[in-house]
């Protein structure tokens, strides 16, 4: 151990009301390496990184950066020490430009005018980020936002870069590009600390891996010494599940038919252009695509949140094109939204009231115009039990649950009342491996009973593993159909980016 | 505490983010507006519609509203909703009354700003440090300010010659400026009643005749704020606290400090607005003399889409219509009817071209209604002229395509150490 | 557990008590600074109200309560309805004019007038709602404008239909058989509880049931906390905006009725104004909760009533009470926050203390807010 | 850095500080604003002051709060009655109904309401024929105008201000029917915008003078301050007319040069008379009308601006007294 340590954490402890997020955490990060941090949802990874970045103050323990013990009162201190962080949830002001987001807080370096603009262009070009300084962030896709975050860190000249789940929202090509950047940065002498739930990635790029469980570090390993399965077992102490299709349950009855649907956009281009698809009872139709190519619109259109410009939507024998969202839900469409905080939950309401959401017209949570409190409570308890939602009680507010448990509750709710069609948008995003497996199992079981599923996911393994049919969406059009039994993630990836498309 | 507009977007309307931003310069809009008014003036002979006198009153009526709106801008750009503007203005009036009486008008202005800042400090303490709901704090500050001003007036002015328990003795106004040659020449030109020329002349006359130095101060404050907030590092940091305080925090910005500075500045500017009412508009302090201008200012700021140019337009619209109804009365307001008709017709055509048929027909029907009203009467009854500014504001907002966007984190609770 | 619960109760009570004490201390400091009599202030404010004052307090509290409810419905929807003031003026004016015609006999006249007032309030409020959902006009602006328009409109109509007596201008008096008799609550008092003050009780119960028991109330609260989640769940948010503003307006329509039918019997230039604005403060003080608003209304009404005597008994300007009221509103919310933080810190320390060397992190936290 | 010494202000003007008198104990209940309005509240106080001096009376005052309920007014009256004050005077018509109600509960206490219209065995309404005073200032305006155009600023349309406007208009017309009267109204409700709005008064006054009026009369309470401010900046031959009190007395020297006269409403006299009658045991229930015959209304001559025409005005006054001319009270 003669090599210098970029970061050395000793005995870090941090508790929140009711939760110990970190205790006795020890980590050594060698300078000039890529160091991965893995662990279940809620293991305390993000908290630890926030402590290293000065966002939160540790209750106990010491931090050494480049051999020097430091006390970080705020991110400003960390930045001074050469630490930069890309957060799990993007830290961007949507209404500001790329330039403004990048120079914020570092105006002293190159001003806020043309010098800064030149510097940003220079960095963007150097790493192939393709960012223009004067674009407004709200107009950009997730991949570009991710790169702004990295640019922010580079702009400040950080030498130690923390990346919290940077790949969760990226498609394979983007992940590859990101890893290319990381290797390049490592070669230039940067130290990189990154968190991921995708263990294959971890093994592919990391030099060292630290495993956290329940708030503390449980192991420190070299990628060459372990397999993904072993790593997962270290994390959760259980077997690594994988999505795999069993024998087909697809029937002849068409459950959802989308026929020549077009959704006009604000400009010349249609958001959805002549989209047609059919899902049978017992079938899972997966939609693959780079984010922002019309998936969100398709889902909202099927849910009745957006009206169609032309074309029809049919549910079973009924033409539901002009139905409201409520009517569609009452007809048996379940909906797992992509953004659970914004669309799936009332964060400050107790779980049992969240059970009512989206089921306001159906028993057991309502009776006529009245709320059926007993019914809602009882059924919430059932969901908690059946879907293994880890919560102190059903009176707990949704906000207090970790992301994975929030998601399990939503899945449980949307599977209630025997839906005929489930719209599942990124059902396992940000969810740990254990919870992921549970959600997959539930979807599969419902499918066996005849449920039709429209599955949107950025996780190609999930898509391939769960779907009976995969459609690729690109610029609002369905551009290709694949058989999940034969397709590879790479093939999908090239179709998604239009690489295989002949112009 | 207002709902995010996107859930309320009329079905099928495109999301604002995707609508290409087309910016027509504010000056062109103003010129179009002036030409329209001028045409109507020439055609109807209602020369009071934009006489120098009316314009001067309009400026005087607009300034306190614009200052209140600017105060709101500072605070809300840093993410603190400030419904307490009215209270801070009230504190400004009493400060101006006390210091203005004893130490002269400029001390009055400074006193007003300090008093406004005291109210703002309370708001900042409650919302920034204690994370209290911004609306609750603002409402409380309005109540406290009203009580405090009345209580202090009773204590301070009761025994003074010319004063009383609810009002100060007469106060001296800060210097006002008349540019000798230009003022008279322009008024002569105005009296010629030529198309557009006379209108521009009366505008120039309005700002060269008896222009209060406080009006100049207000203009400096508005332009200065625009530059400071949009052209400097300080402004960027301050605005980032209103857009995404957590992002700002992770970049080392001391969010609390910027929010504090913003709210205090807001209080000072609102106080200056109060000083204008007491020293320039009224020449005296009186209980309740702000008359809800803090709220109107808030409305003007929202009207102006949280931007300096916009809030000036909002304040001017309100100030102008308010001055017009009081100064020029029914005939001039009657002339406004035809202006409204023309604008409505324009809107109808635009809407029709955008394919919004129902909206276009609605606009057309309302336009015809106004036209009938205009051609079948000679004047608007005095009973209705009083509503002019309020109805106009509603009408304009109802017609204008609503692409308002408040700072993303406006009114949200923020606590240090919660980023990530 | 028992000990913890005691502490819990103590903490729950701590906030309001703390707030009132702080408000009093600040008020006394201001009085001291101004050289006014602190003891006179305290003894007047805390003197036992006479029976007739108790009646006044209840009467005014019931009116404030209605106003608070009207504002609270908007707040629950995340709508800042400042328009209660205009809504109640338009409504009570219409009811006064209608009831004065005496087209219907006694109590029927009253009932129909009440319904009419609610409808008028609802319609006036719906203007803001429709403007919001069709044109995206912020309800903050539109209700401010509508308040002013309502004031001008009623003044104009009053001049058209009103009759003047001396310097007063008012609508015609309501026929005597439609007066709602007072309730002689306290035999020793010369005044009586306004008969229609009972509307406040009914409205309060209605509000509680609506919000907590009815599907509609759930939809309303859901939309208020997360409009995006509401849309995804199938709630028609645009309809909710209009409907909830209409409900708010219909309750606002009730505000002036206890006075109209119980004491003034006509709407005139001296009819009490400003109740709508006071209601906003009361709603916020009561945290939009039906019981909380009742406490807020009683507290405000108590202070206002007691302050009436300040000038005569203690030579203190009654304006000081406005300061106290504002400070209480602010202090209550700050106190809640302080107590909440203290409780969190306490919990945090307990968890840390319970942690033995390698005990697993266990989520024990409940609702964090 | 000017004017009097700061501090010590509040205590010096306590009207009712001295409690040693043996005469009537007067309870005074003001409307919003109370003393300091330079109008009828101050005049009522002046009447009481005279009673303190001449009749050895003592007093207590209380004023209404913004937007208070009617019960607060009742309570104020009751508190004064309970505390042994007698007579009790409500200043402003807003007290009418409350006085009637409370007077029933205290039959031994005498009540008066300035501008009131209530009935009761122990209730006296002190009322004024303001249209007559306004008629006379209208005559003055008619005689003084060179432009044959005069102006009027009213707080609000309705029974309170209409008599001022109507009397003024009639007075002007009596001199020369060809003179036009231009009217501006500040508000449509009897609120602060009507009677405590000098900014609005300024706007209205500027508009009237700009449109050619050279004499402007206001009946708009404190808003009239705006009129005087504007008039003070105008050249010789431009006039403003005050209302209720002799507003020349409380004006600045610059304003005094432009204040032609004021339409007087002698609330002070009425209040003093009433207290005196109380002391003598001769109060009468019902309406006690102060008109031009009793010199209860009139016009002021301070400043001497009317010296050249005062004989003519007095001719009209005599005709009003004799009943040969009547001043209308409705527009």
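Couple of notes before you dig in:
We call the chains A, B, C and D, going by the order they appear; numbering starts again at 1 in every chain.
Quick note on the criterion: a contact is a pair of C-beta atoms (placed from the backbone, for glycine too) under 8 Å apart; a residue touches a chain by one contact, two chains touch by 3 or more.
If you want to know which protein each chain is, UniProt gives these names: A = ABC transporter ATP-binding protein; B, C = ABC transporter permease.
Computed from a prediction, not measured in an experiment: that's the story for all the values here.
Taking each chain's centre as the mean of its CA atoms, A is the chain most distant from chain D. Two chain pairs are in question, C-D and B-D; the one with more C-beta pairs in contact is B-D. Here the CA centre of chain B is 36 Å from the CA centre of chain D. A straight line joining the Cα centres of chain A and chain D is 75 Å long. Each chain gets one centre point, the mean of its Cα atoms, and the points for chain B and chain C are 29 Å apart.
Annotation for chain C: residues 35, 152, 155-156, 159, 228, 231, 319 touch two or more other chains. Residues of chain D in contact with two or more other chains: 10, 63, 66, 157, 188.
Not a single residue in chain A touches at least two other chains. Listed by label, the pairs of touching chains are A-B, A-C, B-C, B-D, C-D.
Within the complex formed with chain B, the residues of chain D that make contact are 1-4, 6, 8-13, 33-38, 42, 63, 66, 157, 184-188, 192-193, 196-200, 202-204, 206-207, 210, 222, 225-226, 229, 250, 252.
Contact residues on chain D toward chain C in their complex (touch as defined above): 10, 60-63, 65-72, 74-76, 78-80, 83, 93-94, 96-97, 105, 115-117, 125, 127, 156-160, 188-191.
Chain contact summary for the complex, chain B toward chain A: residues 11-12, 14-15, 17-20, 232-233, 236-237, 239-240, 243-244, 246-254, 405, 407-408, 417, 419-420.
Within the complex formed with chain A, the chain C residues making contact are 212-219, 221-222, 225-226, 228-229, 231-236, 344-345, 347-348, 351-352, 355, 357-369.
Chain B makes touch with chain D in their complex at residues 51, 53, 57, 60-61, 101-104, 146, 150, 154-167, 169-170, 277, 281-284, 286-289, 291, 323, 326-329, 382-383, 386.
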